[in-house]
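First chain A sits with chain B, and in the next complex the same chain sits with chain C.
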Partner chain A sequence: MTKSSDKELLRASFKLEYPYERSPGPVIGKFFDELSNEVLVGTKNSKGEVFVPAAEFDPKDSEHLSEFVEVKNEGVVQSYTWIEKPRAHHLIQESFAFALICMNGTNSAMLHMIANCKEDELEIGKRVKVVWNQEKTSTIRDIKYFEIIDD
Partner chain B sequence: MTEEKKDFFVSDISLSYQYTAGNATTRFLNKVAEGKLVAQKCPKCSAVYVPPRGSCPRCGIATEEELELPDTGAVESFTIVHIPIPGNPIVPPYVSAMIRLDGADISFLHLIQEIDLAEIRIGMRVQAVWKDKSEWGTTLENIKWFKPTGEDDVDPLVFKFKE
Partner chain C sequence: MKDIYILAYAQNPIVADAKAANEVELIMPVVHQVFEQTGFTQNDIGFTCSGSCDYLQGAAFAFVEGLSAIQTNPPIKESHVEMDAAWALYESILKIRMGDAETALIYGFGKSSPGDLPFVSTLQTDPYYMSPLWPDKISLAALQAQLLMNKGVLTKKDMFKALTQSISNAKNNPNALVTAVPSEDDYLSADYLSSPLSAFDCAPISDGASAMIIGTEEAVAKLGQPKIKISGVHHSIESSNFGARDLSTSESIIGLGKKISLKSVKLDFAELHTQFTYEIPFIRGLLDLGNLDINLSGGPLAGNVMMAAGLDSIGKSYELLKNSDFHNGLAHASSGPCLQQNMLVHLEKIND
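Right after this comes the complex of A and B.
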């Protein structure tokens, strides 16, 4: 039997997709709706702690949360991962960071991107602010990315 | 504040990748492109595999001997699909079946058409319906579907894997 060399192997490109419709529900739905107004809202528990993105339940004691509060479009980097070479599916096509950002006055962190900076400019504790997308879709993409606040 | 509520939105999760067929499947598909279904036989237990994967999962050894099988076989198992799947061009209801080619010890998934859905059953004899030769490529889609031959059913016991 003749063995095929590696070069003769058949190859084909495939794309696996899971298109589905998601319901964000009343709380995350409100959070997304307000993003299109360039407003960030969170929810507040009975101890006065605030969660952004708005959480439907307190992650610690499962308290049902329904009180909305508006927060400022600024936060602090809690942790980050630097993406030196973005892949084709990334929304930003130059070096950027995925980061957990604690919005000012909140007790939670939000996953988003930080762009317009060099790797050595970024560090935990840096203050960042929202850069809005011109085109609004009432999704998390209404925030284009965060950028460092120059002190 | 917008009054309009956004109840649902489409999530677009996708994964693009490159599939490499490997030696056994490459050889199989190159034969399919010539209209032939070529199986591989285990040198130890004599089990015949189509499509071949280059080894016998039972004996754990490489399979090299090749043999051409006919494009006839029997229905080992089937499902009648009534629910449309997004992106699937086949209009329900249709039959997805595990087809055991004559001489093979395993079955593979394909379509059965040209059939009254009430007639489909395990053991039913079927034959491949090939596309026009001009459309053949290195894909099992060269076979459009299988259709009943009208011959007598096979005894489902023949599907038992040989010891």
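Right after this comes the complex of A and C.
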């Protein structure tokens, strides 16, 4: 008997995706709507801590969050990873970084990308600012990437 | 509460590419092996539970096809988790504790070779804020590694040591995929995929399957083999809000160590579900493991079958206890980006 492991694998093209439409709801929806106006908002808990991107609930005690506050388009790099050679699905096809960015006045970080810089210019604690995408889609991609603020 | 023992465990040789081998062909050999080890047939199994991920196969309900590897007529009590099979084990433990079964068959399988695994894993991240940016599994791990290096928790040297120890240990596991230990020069000069991680720091893309049988004290007594007991098992998950987690530590792992009273156990070894080199010194520190031998089987860095590798940590710990003078082993399973979800299992050899 021939085993399947001896045969070549049949291949078919496949799009890697969740083929679902998603409704973002009142909190994430407002965050995205404001992004399309080039405004960053977060949600605030009863202790005064602010989450950007807007969180529907406090990850520590599950407090329901509905109070919105506007924050500046600047933040600080909490961690980063430099990608010298971007791979298949990456949105930026020149060297860039993924980073966790803590927006000024907030208590959580946002995952996004940093571009327009060299690897050795980047470090934890570096100040960065939003670069907006010209075409708005009311998604997280309305932020094109972040870039370093020159001191 | 009923005591639960591991009765048998089997692992397929881990391969980089199983080619056209289907689920049934991956699962059937390991299921037959655990039946041979125990003398059981499917009729002796009270509950059957599997762990797998349909996204690896790229086909919906691929796990149902896997059931063809076992006898399902007459009808059986069966379940599936879209998780590592370590969590299929956990469900089986609950089932036995509830009195619904005396024995359980657990299997996990994964074929990562057909797809682009680091990006398949992206689809398990937050669909609003994360996955549209396509952060791959390696880049997310790199964010944690970078932070830990920056805080002085670990260094590239620690990561190299973890790698060489793991790969050297892989000689203990005839099923291991990677056995060639890289030189320090090769390691340190390798290009980063996502800084500070190079391909050496990442577990290899692997195909395979593993199976396990567990049972009550009555079930293990009949076998006349060393009694390996699941003396402690807990799991916990951290927030899905990635940016709100403190990646410089792990509340989940530290909390689990307390829950299974790790401090009161004199451990002989640990098998950790560590898919990146940095995770070994990181968890060693979090659980205060000192110089304890970690991943004597080689661990995931020597072969990492998605959806089975967590179960393998537990299975390899069982094999070590069964075949050595060791008495206490710690096994770990994980899931999600940057060790988001974890399980710790304390296995103990019980002398009559």
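Note that the second predicted complex is superposed on the first by the 132 of 151 C-alpha atoms of A that agree within 3 Å, B and C clash if a C-alpha of one lies under 4 Å from a C-alpha of the other, contacts with A are read in each partner's own complex, and residues count from 1 in each chain.
By our rule, contacts are C-beta pairs under 8 Å (C-beta built on N, C-alpha and C of every residue); 3 or more make two chains touch, one makes a residue touch a chain.
All values reported here derive from a predicted model rather than from experimental measurement.
Peer 1: Scan A:A55 for contacts with chain B and chain C and give back first, second, both or neither.
Peer 2: A:A55 contacts chain C only, not chain B.
Peer 1: Could you let me know whether more residues of chain A are touched by chain B or by chain C?
Peer 2: After superposition, C is the partner touching more of chain A.
Peer 1: Kindly classify A:S13 by the partners it touches after superposition: chain B alone (first), chain C alone (second), both, or neither?
Peer 2: In the superposed model, A:S13 contacts chain B only, not chain C.
Peer 1: Considering only touches as defined above, state whether A:P24 meets chain B (first), chain C (second), both or neither.
Peer 2: both
Peer 1: Once the structures are superposed on A, label A:N37 by its partner contacts, choosing first (chain B), second (chain C), both or neither.
Peer 2: First partner only.
Peer 1: Check whether A:S138 is in contact with chain B, with chain C, with both or with neither, and answer first, second, both or neither.
Peer 2: first
Peer 1: In the superposed view, which residues of chain A touch chain B and also chain C?
Peer 2: 3-4, 8-11, 14, 16-18, 22, 24, 32, 89, 139
Peer 1: Within the complex, which stretch of chain A touches chain B?
Peer 2: 1, 3-4, 8-24, 29, 32-34, 36-37, 89, 138-139
Peer 1: Under the touch definition given earlier, write down the residues of chain C that touch chain A in their complex.
Peer 2: 18-22, 25, 58, 114-116, 118-120, 122-123, 127-136, 139-140, 142-144, 146-147, 150, 191-197, 239-245, 247
Peer 1: Report the residues of chain A in contact with chain C in the complex, numbered from low to high.
Peer 2: Within the complex, chain A contacts chain C at residues 3-11, 14, 16-18, 22, 24, 28, 32, 51, 53, 55, 59-60, 78-85, 87-91, 98-100, 108-113, 119, 124, 139-141.
Peer 1: Of all residues in chain B, which touch chain A in the complex?
Peer 2: For this pair, the touching residues of chain B are 1-2, 4-23, 25-27, 29-30, 64-66, 86-87, 138.
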